Every structure is written in structure tokens, then in C-alpha cells.
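Per-chain numbering from 1; labels A, B and C assigned in written order.
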Amino acid sequence: MKESLEKYFDRLWPLNRSLTGNANRETLGILSEIIDLKISEIPSGTECFDWKVPPEWNVKEAWIKDGSGKIIVDFRKNNLHLLGYSTGFSGKMELKLLKEHLYSLPAQPDVIPYLTSYYKRKWGFCITYRQLKELSEDTYEVFIDADLNENGSMTIAEAVIKGETEEEVLLSTYICHPSMANNELSGPLVTAFIFNELKKSGRKKYTYRFLFLPETIGAVYYLSVNGEELKKKLIAGYVVTCAGDRGNFTYKRSRNGNSAADRAAEIMLKQKEKEYIIEDFFPTGSDERQYCSPGYDLPVGSLMRTRYGKYNEYHTSADNKEFISFERMEDTVRMYLDIINVIEKNAYYKNLKPYCEPQLGKYGLYPEIGSDKDTAETVSSLMWALNLSDGMNDLITISEKSGTEFEKIAEACEILEKKGILEKRIIKNQKL
Amino acid sequence: MKESLEKYFDRLWPLNRSLTGNANRETLGILSEIIDLKISEIPSGTECFDWKVPPEWNVKEAWIKDGSGKIIVDFRKNNLHLLGYSTGFSGKMELKLLKEHLYSLPAQPDVIPYLTSYYKRKWGFCITYRQLKELSEDTYEVFIDADLNENGSMTIAEAVIKGETEEEVLLSTYICHPSMANNELSGPLVTAFIFNELKKSGRKKYTYRFLFLPETIGAVYYLSVNGEELKKKLIAGYVVTCAGDRGNFTYKRSRNGNSAADRAAEIMLKQKEKEYIIEDFFPTGSDERQYCSPGYDLPVGSLMRTRYGKYNEYHTSADNKEFISFERMEDTVRMYLDIINVIEKNAYYKNLKPYCEPQLGKYGLYPEIGSDKDTAETVSSLMWALNLSDGMNDLITISEKSGTEFEKIAEACEILEKKGILEKRIIKNQKL
Amino acid sequence: MKESLEKYFDRLWPLNRSLTGNANRETLGILSEIIDLKISEIPSGTECFDWKVPPEWNVKEAWIKDGSGKIIVDFRKNNLHLLGYSTGFSGKMELKLLKEHLYSLPAQPDVIPYLTSYYKRKWGFCITYRQLKELSEDTYEVFIDADLNENGSMTIAEAVIKGETEEEVLLSTYICHPSMANNELSGPLVTAFIFNELKKSGRKKYTYRFLFLPETIGAVYYLSVNGEELKKKLIAGYVVTCAGDRGNFTYKRSRNGNSAADRAAEIMLKQKEKEYIIEDFFPTGSDERQYCSPGYDLPVGSLMRTRYGKYNEYHTSADNKEFISFERMEDTVRMYLDIINVIEKNAYYKNLKPYCEPQLGKYGLYPEIGSDKDTAETVSSLMWALNLSDGMNDLITISEKSGTEFEKIAEACEILEKKGILEKRIIKNQKL
């Protein structure tokens, strides 16, 4: 999988993604090779709650020339050079005036910062602080061929894997970042590959919904149309972001803090990872801000590797291909699949023989020679499954209380179900 | 008490106890000298839930002779040599075939393991791994004079100390282990001596029920007949096992985890012991597995010293008289009595003067010279009893919150009750 | 403020305060220069619950002379020398008999202990243990001109700052200690100065009630008359005591343990102090014993510096001016004011735009250049206020969950309220 991730990464990397624009369409076009995307265009100006879909932004060219006519900053070399949603501009000016339109990071003098001005019309360039300091008094020529089209549209995409029930699991990622690797080419890539693996692995209990949206405005728009429906159907969801760096996993809990999304993610991290970080919900970050706004309070967390804002390369030109690892990115895909496996298998069972233990030997489930020192170990999963299957403890709880791997408890319950000793409880619209 | 414990131990030690058989009858006969046992015989084949009472097993003789006619394994020397519930057998065979019927513990080459085959018909011997390795190619003669009688019965026994109320405290132990000391001669011995001490100490609030059962099948049978009754009456119970080794106390909580049994045991351990272990319920172990099966979920925990499976001597010939201490066994009896004292005295009181403090001096309960640095200490128990006796905190809670010994709080409440300031709350079928 | 505190301290220091008497009237007279006290006289013999207001005690003179006629113990030199509520006495006696009336502290041989005998008629003197040991066989003359007047009265005082609502905050202190500094001149002084500062700081939401009572009997009397009213109106209260030593703050929780009083005090201590102690409620101590008796269970805690009983100087002549610091006393006043500020500002808000985030930029609340590394910090308070303002989390909770200073959250909520995004929830008789 990691070679395939890298190939798609290389093709998606150069595109100048933003809230809107042709690069977003191209991005979704490429991803469609992996995932069955239904792509929609939302007209600029569309109102959604407190927000409005912005004009469509497309850039052809953007550069600064010095007095000698030499191009010293070029959008073609790195699309971070242009302030996101910069207006078009053409003109000559002295250094002092130019500097009012230049952004850099003194603390990290060798990187180009990633900045945007979505809702206030401005033009500007982002450059390294080193370059800024070296600029001499001169007359500079600035040219930005950028278009902000009020009649344009915002492109969003969605894919669904239908399950046996209407209850849904959501995976949401964002496609509004230009050439940065961890944040945020890793998110769309990981999400697309989760789809691919899940689709291959056969019929599912739950319906899986995958969203590729520009951050914030995309989620706000989506919720303005589908929020009430999600509220009814969603049992768990994750914002997929910062999924490709070399750090350990970080799980940011949903606002609820103990949702099915949280419980499934946390039990897998505990059972599969040596070191990881669990963070309580906080209302800054990515689109979980919208999913977990108090009117929705959806069970949506976020599984990341190193969290946005926690690494120096974040939102700079240093968040590049060297910074990430396709092996780690594949690990992220697999961890999401493990978590989804927990969500799929988790259930409440009812012990149909709740008075004393059933005689496991009769069902071929007990070693013949009793009192052997090893037997306690081998029948322990069955005993836990029997003892706690009172309809009140789901498999996650049984796994936690017993200190036994989720998979082993799930297996024990399946065996006992086949023997007619346990019965699965059907809970309509279960929140797990 | 410890000399008496040792005398009974020595008499009970050689008997070949099992699920059924004459040795169990003899065992209960000897224990009847200490405790008023009502002994019952349950016919083999009696159905109880998923189980059936097994045929009665009695052994007369069992040995292996080598080619020279020398007895090399003899049931008479150690009754662990014969696989529990072994069928009868007589015949000659080569070493290779014999080995299919020999059991040993390679990790502990000098001990005879304790093994049984209750529900699958087999014959076999248990020997040390050292002996197994030394067996040479030879023709061996095997003789087992053992009887599995489908028309026999399983022997169980019960004793009751009637209290003022029908609410019950249960002490359950098992009598199905042949010559092993901690597990399990200590359990029946300690239980019998608890009965003896309790009987001597005068009228009790609660009714005390003592059960001597073969493990698992005995408890399953007992519950199949009396389970619903126990559910109504039982306020606390303990499985008495592993009660005689030199280790610190271990308390295994009931499934509920916060039952009266748990709270009484834990407050006494905290107040009387420097080091001890508290374990959450787990569904392997002894008869608490049946009492705490989800259909019953009775308030039954287990106070042990070193827990089964936690010491190397467990279920081997090394669990012998040297391994245990009659002083420690007596300590276990006393700890159970302390816990029972908590259960007896624990109550909810209601402060009849709940507005401000009563003037303790008027009742002769306050030192005359106020502001003395010592007075805070001496009136503290009274103050705690008064402040928390709102009908919501029982004495255990008051003891815990105040960090004051249970006995001192109980005494303070009794004094205040006599002065007419506190009133005991009668709670029908209280779960404490 | 600290100079002013010292001036009042010096004037109040020499007065022989007790449960009753003229020194209490003088004390309240002096405090009336700072705080609008309404002073009441409660006749001796007045019954209140289990108690009776004691006779009024006034002392003119009290001394012991040795055989040579030299005064060796003199009430005029230190009013702790006379046992509190000592009866009058006049007579000569040998050392042995005298010693039955002498109290000292062997463990602290150089201090005079503070002792009283309020409810049992006695006469006695408190002296240093060093002096006691040096007393030689001699005939001593004792003279105590003290009056216990059954027709006297107990003096109590109260001040109120009326707020917008009838809901009340209580500050209760005691005036029954003679010449001791931390316990208890600091309490009345700090309480009076809190009144003074609060009065100057403008209109308040809550009504503030200040009580100056003799300890225990004063509070018992006050509650016997006003307890039911307090139960209805009180949202938070504090017993002000031990407020002037050099130690860190100690907060003793109300019986409830999570009352508004507790939450406000604890969040301020956490945010303003490096080291401090939180203690759970215990039913010995000062007048919180009465306010938190089970019939009332009022939300009354106690913010102290070093707690009574925790320092050696406690209830001795060593609790003097050197032991305390007027700077620390002023700090205590300010900490109480900070806590009151939390109580005043704490509220539940409701987010009127609960679906997704409002677009903060539209309201001028969001930095124009997005994705700047600093912006997360600056908008974080607004985001927390928005996300948790679901009518279920008050500002204290939002401050705790966000790890953001209470003041910043309060400010964020005020801004959002002005923009029409948040709305304050009016909760009648809110318990915060």
C-alpha cells in the first residue's frame, strides 16, 4: 500500500488546493481513481448558517521581480509563496511598501509560512525570513494573475459504502491545503485508502460515509444541509488529518468524551500501541469543531499522528515529503481499519444460561483434564464473556474489565452465540 | 485455637476427598464435632441447570508395578497419584503406552500435580517429572480398583445460626480436594472454626449460613434449589479458600464490586492490615463464579491469604502441612470475625437534633475545660457521627470519611443513640 | 490597606473578648468605623435549639499574690491568664490547692494557654509551665473580680450590602477570643475590610451578609432565628478565621464538597496561588460546624491561611502580633474579593448560534490573516465559551475544562453576549 500512497502523493502534491478552485477539482479527480466519489459544486454565495460560500479562487501566475527584472519570488516554484485567496495585482513599488504585503516567520527563518486571507480581500506573498532580510532597497515589480469569481463554486465530494443498517460511521477529511504533506495531503490519502480497504473487505453492519471538504466552510455547508440527518444516524466519526508523520498516534476525543468513536479508538490504541496520546476535546482544531458544536454534539473525534500545532513544520514549507513516511501513513490506514473493526463487532450480548456457569465441557469448550495450570488461561475469555453478558456490558467493556484483547472477547462471544448460549441484543440506533 | 486447628487438620489430611465418595462423608463427620452440620446426599444423575451430579467415586487401591514386580507408584502413599475420577483398570503394558496415562509437571520436577477428569472417562496417574524421566523401557503392571457408581450420591452439608432477622450472611467452602493443605483443607477448617466462635459470641442480628460443598457442581446444585431464596435474603457472603498460608490477605471483590461484603472486608483490611491485596472480581476461581453468575449476581466475595494460582505449590503435592501455618489460619478466622462484626454493627442512623450541634456538655459528652488542645481528638468521633447521620451515610461510610476506626464510630453512635440524639433506621432487607 | 489593618489591630488587641461582655461591645464599636454594623443584644438565658445564651461575663481585676504580697499572675498584663468565664473568687490557700486551679502547657513551657469553662462554673488561671514549676510552697492570695450576670446579654452584629437579587453570600467571623492575633483578631479585621472594599466597588448581583458572632453559641443563636431564611437564600458562604499568619492558604470545603463556595474558592486558589491546601469538610473546627450541620447543610466553607490546630502558637499567648503579617492579612482580603468576583460573574450562558461556529470574523472577533500560529491562542477563549455554552456548563466549568483563566472566559462571554451570540440564563435561586 505504501508505494501506491506515494504515487498518489506525488501526483497530488503540486496542485494549488484552497477552499475552492480547479486544483480542488483535479485533486478529487485523481482521488476518484481510488474511491467512488460523488462530486458536487456549491455555488459561491450560498448561505449556510452564519457563513457564505466564498468566490472561487484560481491563480495562473504570481511573482515578484527586482529592479533588474529577475524573478525573486515565484508561485510556480512553491504555491505557498502566494497568500491564500490573494486578489490579483500588478504594479511597481519601493521595498517599504512591498514589505506591507510580505509575510515570514522570524522564528523559523528558512521556511515559507502558509497563510491565507479568506474573508478579507488582500494581496500578499509569503517568503522565508532570510529572504526578507536580504531584500535591498529597490523598485520591485509585482504581478498576481488571480481570479476571485463570485459566480464560481466550491467543490466537495462524498462516498458511501452502504451497510446492513442505516446507522453511519463518518470519516471526514479536508482538501483545502496547497503543497503541504502531513497537513494536509495525508488526510485525503489515508481516507481514500481506508475506503478502498473497507470496500474490499465485504459487507458491513454500518454504513460508512466519507467526506472530502474544504476545512470549516465545507463542513459548515455540509452540516447546514445534512446535519439533522447525521444527528439521527451517526454512531461514530473521525476527522482524518495529520496522518502521515513519524510520530506516535494522538487521539483527540469527541466533545462527549465517551462516545463510541472514543471508546473504539482508545481500546485499539491501548491494545496495539506502546505509546500514544489521548487528548480531551478542545474547540479549536479542524472540522470536529463543527461536528462537535453544541447544537450537534456528534460523536466525532480525530485520530492523528503528531497533532497540528505540535510540530515545527506545521503550516510551513517544511511540511514536505521528507517530513512524512508512507509506511507510517499505511499504519494509520490500518489503525483506522482496526478501530472500524471494533465498531463493527462491538455488541451487547445476553447470556441465555445466566444461572451458574454452563457446563462448557458439554459444548466441547473445556479442556478434558481439569485443574491443569494452563486451563484458567484458555477458558478465561469464555468465562468473561459469559459473566458480563447481561445485556449491560458491550464487548469493549468486557475487554476493558477483563484485560483481554477485544478480538479474543469478540471471538468468545461468537463461539458462545453459535452454541446457543449467548444471544446478540438488537438495539435500534444503538449509540454502542 | 491453632492447636485445635492442627489436630483436626491431621485427622482430615489423609482422606481422599473428591466431588463425591466416602472420604467426603468422613470429612463432614469429623467437622461435625465442631459445627452443627446438616448433611444431605444428592443422588448421582440429579440434574441442576446445565449440569448433572456425577457418579459416586470410591477408590480402594491403585498402583503401578515395574517388570520386577516392585510398586513404583502407590495411591496409598499419596492420593494425588491417582487422576481424580479415574476409572478402574487392570493390565500390563510397555512404557510407551503407559506414558499416555501419566501426568507430571516438567517445570516443577519434584512435585506430584493434582489433576482430575470429572466428566470424561479416563484412567491415569500423576507422578513427579523426575520419576517420569527415570522410567526405563519395561513392561509395567497397572491396577486401579476404583468404582464410579451411577447409583451413588454427592454429599453436601450446611449449618445455620439463626439471627434476629431472616437476612443472611453466607460462608461457603469446598470439600472436594484430596491431600492438599492450603487449597483446600484450610477452607473447611477456617469455616468450621468461624461457626464455632460465632455461635459462642451470642445472639446475632443476621442469620449465618455455612456451606460445605464440592466445588462447582456442589454450588451449582445448591443454587439450583436455593438460589432464588438466597437472592432475596443474602446481604453478604464469602467463599472461604486458601486461608492458611503465610502470605498477606487477598480480598477478591464480588461482581458488584461495592457490595456490603466488599465494603465490610475492605474497611477491616484497611484498618487492621499493613499490606494486603484487593482484586476486582474475575469469573474464574472458585464458587464465587456461581454465586456471581449474572442471573444471581449475589454479594459474594472471597477473603483469602495468597490466592489460588498465585503460589507455586498450588494444586501440587507441595501444598502440604509445611506450606501452611496454623497461626495464620487462626488469623484468618479472626479477620472473618472482625468483618462479620462490621456487618452486624453497620447501620444508618438519623440525627434527631440535626439543626446545629447538640450541646454535648449537657449529656456529659464534652470535656469541661474548652479549648484544650486534646479535646478536638476526643469529641471528633461524636462530631462525625452527628454530622453524617442524615440517614444517607452508614457507619462504614462515616468511618471512611472521617478516617476514624469503624469500632470508634460504632461506639459513638451507640452512645448518642442511648442519649436519644441518634435513632437507628430500620431498612427492610437492607443491602447495607 | 495594611497600615490601616495594623492601626485597628492595635486598638482591638487589649480587649478581653469572650462569649459576652463589654469588651465585645467595644470591639464591635471600633469595627463600626469600617463596617455598617447593626448590633443586637440577646438576653442571657435565651434558648436556641439545644443551647442557652450564657450569663454575661465581665472582669474588673484578677491576680494571684505570693506570700510576700507580690503579684505573680496578673490579668491586666495578659488577659489569657484568667480562665475564660471564670467565676469571681477571693481567698488564701496553699500551693497544693492553688494548683488545682492552674492550667499550663508542659509541651510549650513558655506560653500561656488559652482555656475557657463556659458551661461549668469554675475559677482558674492559665500560666506558663515554666512559672508553674517555679512556684514554691507558700500561702497565695487569689482575687478575681468577675461577674456572671444572668440578666446580661450576648452582643452580636450584622451588616448587609443589598444586591440586585435576594440570593445571598455569607461571611461569618467570630469575636469571642481575647488577646490573640491570628485566631482571632484576623477574622473580624479581614471581614470588616472585605465589607469596606466590596461596598466601594459598586452594585452587586448578590446580597452580602456579614456576621460577627461569638463562636458556636452565636452561630447557634443566629441559625435558630434565621436558619430557614438562610437555607432559602444562601448560595455561598465562608467562615473567616486564621486569616493573618504567614502560611499559604488553606481552604476547608463545605459539607457538600462541591458547593458554589467551594468551586469559586478552589478555582481562584488554583489560578492565583502556587501552593495551597484543600481540605474536605470535617465536623470539628469553627462555625461551619453549625452552618454545615445536617439539618442545614449550607454551602459554607472556610478560607484560612494556616488552619487552627496546625500551628504551635494556636490558642496560646504566642499567637501575637509578631506571629502575623499585615501584608498577608491584606492578601487574604484580596483573595476573598477575587473569590467573590467569581461568584458574581459566574453564570450559565446559552449559545444562540449552536449549529457550527459563528463566523467570528463578521463580528470583528477573528484575526484577518488566518493560519497564523498565534491565532489559535487568541481565539481560544471565544471558542471555548461558544462550544461549552449549552446552558449546562457555567463559567467555572468552562474555565476548568479549558485551562483558561476564569477572568478571560468571563470576558469572552461578555463580548459574545454583546454581539448577541450568547445569552445569559436566568436561574431562579441558582445554586451556581
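Here is the rule we use: contacts are C-beta pairs under 8 Å (C-beta built on N, C-alpha and C of every residue); 3 or more make two chains touch, one makes a residue touch a chain.
Computed from a predicted structure; not experimentally measured.
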Same or different residue numbers at the subunit A/subunit B copy interface, by half rule: different
Rotational angle, Cα trace of subunit B fitted to subunit C, multiple of 5°: 120
Intercentroid distance (Cα basis), subunit B paired with subunit A, Å: 54
Centroid distance [mean C-alpha coordinates] between subunit C and subunit B, Å: 54
Residues within subunit C bordering two or more other chains: none
Of all residues in subunit B, those that touch subunit A in their complex: 48-51, 83-84, 103, 105, 113-120, 122, 216, 219-220, 223-224, 227, 255, 280, 282-284, 289-290, 292-297, 309, 314-315
Residue ranges of subunit A in contact with subunit B within the complex: 351, 353-359, 361-362, 368-373, 376, 379-380, 383-384, 386-390, 401-402
